[in-house]
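Chain lettering (A, B and C) follows the sequence in which the chains are written, and residue indices restart at 1 in each chain.
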Amino acid sequence: MLAVRNINTVHGKIQALWNVSLEVEEGEVVALVGANGAGKTTLLDTISGTYIPVSGSVEFQGQQIEGKSAAYIVEQGIAHVPQGGRLFSDMTVRENLEMGAYSRHAWKQRAETMEQVCEIFPRLKERETQVASTLSGGEKQMVAIGRGLMSRPKLCIFDEPSYGLAPKAVIEIFQVIRSLPKQGITVLIVEQNVGQALEMANRAYVLENGRIALQGIACDLLANDHVRKAYLGL
Amino acid sequence: MKDKTKKYSLFAGFIVILLLLISLPSYASSYRVIFVTNILMYVILTLSWVIFSGPTGYISLATAAFFGIGVYTSAVLSGTLSLPFVIIIGALASFCLAFVVGSLTLRLRGMYFTMFTFALVQLISNFAHWYEVNVTGTVGRLVLALDSTIIYYSILVVFCLVLLASHFIKRSKFGLALQSIGESEEAAAHSGINVTLVKVTTFAISAFFMGAVGAVMTMRWSYVDPPTAFDIRLSFMPLLMAIFGGMGNLFSPIIGSSIFAYLEEILTTKFPYYYMLLFGGAMLLVIVFMPHGIEGVFRKLQKNNKGQLSEKP
Amino acid sequence: MKILDVQGLRKNFGGLAATADVDFHVDQGEIVGLIGPNGAGKTTLFNLISGAITPDAGIIMFKDKKVSGLKPYRICRAGIARTFQSVQIFPKMSVFNHVVIGLLFGDHRHTTSASTTEEVSQIIEFVGLSGMNELRAADLTLANQKRLEVARALATQPELLLLDEVMAGLNPTEVAEAMELVRKIRDKGITVIMIEHVMKAIMAICDRVIVLHHGEKLAEGKPEEITRNQSVIEVYLGEFTCLPSET
């Protein structure tokens, strides 16, 4: 479904990604792990159109999308839930969620999608009319995830969805993410919660200093010595 | 090391220009001297404006108010006191007003602060008008004009003073506090900085120099009334000049305001009817093609020389 | 000795009680964990203690002096420092200058500039940012930005340090390093209150844990007691199997 081939991206004065290649098949949950500063967010931003790579290609369902505008990419069916949420701080929870359904095909079904999202995150229903800037960190994260889902994507990219969430909320989020393929949504997830990310994923990639260091079946990586030492603290 | 030689050569170049300026009346015509005086007025206003609005990001439109206070102080005192005292008192009057106003309004954020400073100009201008009409019975005052050379040197002194002030503030503990307030006011407050005091004091210091230059310019105009003294263009021009030139270092606003003021002088004399149109057009071009001002253009040129890979910001 | 004593603290936003009659105290030298579901009012509590907002009712005593209602800079100089949930660094400023600011403004005893460079280097080394003096804060990784915030806070010579989710977004190795840092801070004699969701850290380093829920204190006690508390499990931990490999 998604094929990233030999991407090189520059971020400010530094080259952040070196010949990175990655694939996500339809219906999979693919995890991307790595240290802070390894380039994970840059890679996700390149896929979703915030960055134009210097070279390489990103193909989504047969279409070349590298270099295209972020809005176009959303129309194609990719949703990006960024790290920290990046909410519209002066808008209410409800308005933020509605904005997620901005693209044409999502807009028509927004009432239905809103219900589904509120089922997943009942607290959002409670705080519907609250202005986003007044929410707590974790609540903002929930709105961000909800907003991503509102676009009815085919591929949903999560950048550290568990950031700042209470343990119970993390369990719930991961349950939700794990169930997405059954609802027809393919998942690419970046997580510091390496253990849980690998347990939930089918396949995974390890990014180190802007390069893919390891890749393979998630369970294999969980057992991998280097991964255990460097990322699981074992 | 390259940075140091660059700094020294810039400084040396600046000294040369300063010497040229000091000796100007001896080799230039009276018209030229007045021309440069007007340019220096804008340069001082821009530098003063940048002292406060640069690091903090609080966009002030009160420049005309503080300038005008200097003008009126000067107009009232011109016969009775010698020039240096008139300038100092004019500057102090602006300083005090800014301190009071700042204490009340610097709790406002962003747009609210800007709108308030704009309103302040109207408020003071109207008050002056009311005062002139009802209390002193004069609208418009005649002021004893002074020799253009004296005015020129007075302005040069104020220019050097505002430069020194800008330089030392930037390098001082105070300047560090200012910068931190601009980047994260909350973190600055939690690091032990009395944010309100720093903001208000800086605001007052910038007003001091605006008042000083206003006091000097009165002597050149010889006739003052509220619309002249509190001309709102004097609030917008320094802002535009600072954006045009850039605010990253001391030289950018000077270069920006000099070019801008020069253009304005030329356009008003050559095209008195179309000048505003041309000016507006020029501003549009600047905003579209040079959004970071001249400083931004320089930085871009530097980057391209280093052979950077192009990427979307 | 009680270093912080909070009584009857209340803060309302609109009609909502963000903090509702909270009472607790912290003894000198403790590391206290502050946990609770998202939206429970943990950061609001920190904001009340640090002076960012003023309470509607209640009192906060720091070393037997009332600090509730004081401005943040006064509270900082009195000896309470904090970090922020969304990292509040000065993006264009160097690492070095961040620490200098803390030293110059937060520590009222600090006067000479001769020893400043020395002290700054010590603090930068202490948090693990050696060699990064001239880097701009915006160019640091998230983990290092958090270290920088801690460095700036430590430069103000606090006796009480409030850490707001300093471990969020850190991988398990970085979490271990952060835990070590917190222990070192306590060993220097600084009392610590930390808001955290990373339970591994709470269990390992906290002496006591306070649980907030809907602005109220739900429970208080040793970490082991808290993790066995039914309401806490229901409301915060979830059907929690303590995975040994990570958070």
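Definition applied: contacts are C-beta pairs under 8 Å (C-beta built on N, C-alpha and C of every residue); 3 or more make two chains touch, one makes a residue touch a chain.
From a predicted model like this one, the values you see are computed outputs, not experimental measurements.
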Checklist entry - So which chain is farthest from subunit C, going by the mean of the CA atoms in each chain? => result B
Item to check | Geometric centre: closest chain by C-alpha means | outcome: C
Next on the checklist: Quick check: how many Å separate the C-alpha centres of subunit A and subunit C?
Outcome noted: 29
Checklist entry - When the C-alpha atoms of subunit A and subunit B are each averaged to a single point, how far apart are the two points in Å? => result 48
Checklist entry - What whole-Å value do you get for the distance between subunit B and subunit C if each is reduced to the mean of its CA atoms? => result 42
Checklist outcome for this item: Contacts from subunit B onto subunit C in the complex sit at residues 173, 176-177, 179-180, 183-184, 186-195
Checklist outcome for this item: Seen from subunit C, its contact residues with subunit A in the complex are 13, 35-40, 42-43, 85-86, 139, 141-144, 165, 168-176, 197, 199, 235-240, 243, 245-247
Item to check | Residue ranges of subunit C touching subunit B (in the complex, touch as defined) | outcome: 50-52, 71-73, 76-77, 81-82, 84, 88-93, 97, 100-102, 104-108, 152-153, 156
Next on the checklist: Quick check: in the complex, which residue numbers of subunit A touch subunit C?
Outcome noted: 12, 33, 35-37, 83-84, 123, 127, 134-139, 141-142, 160, 163-172, 192-196, 228, 230-234
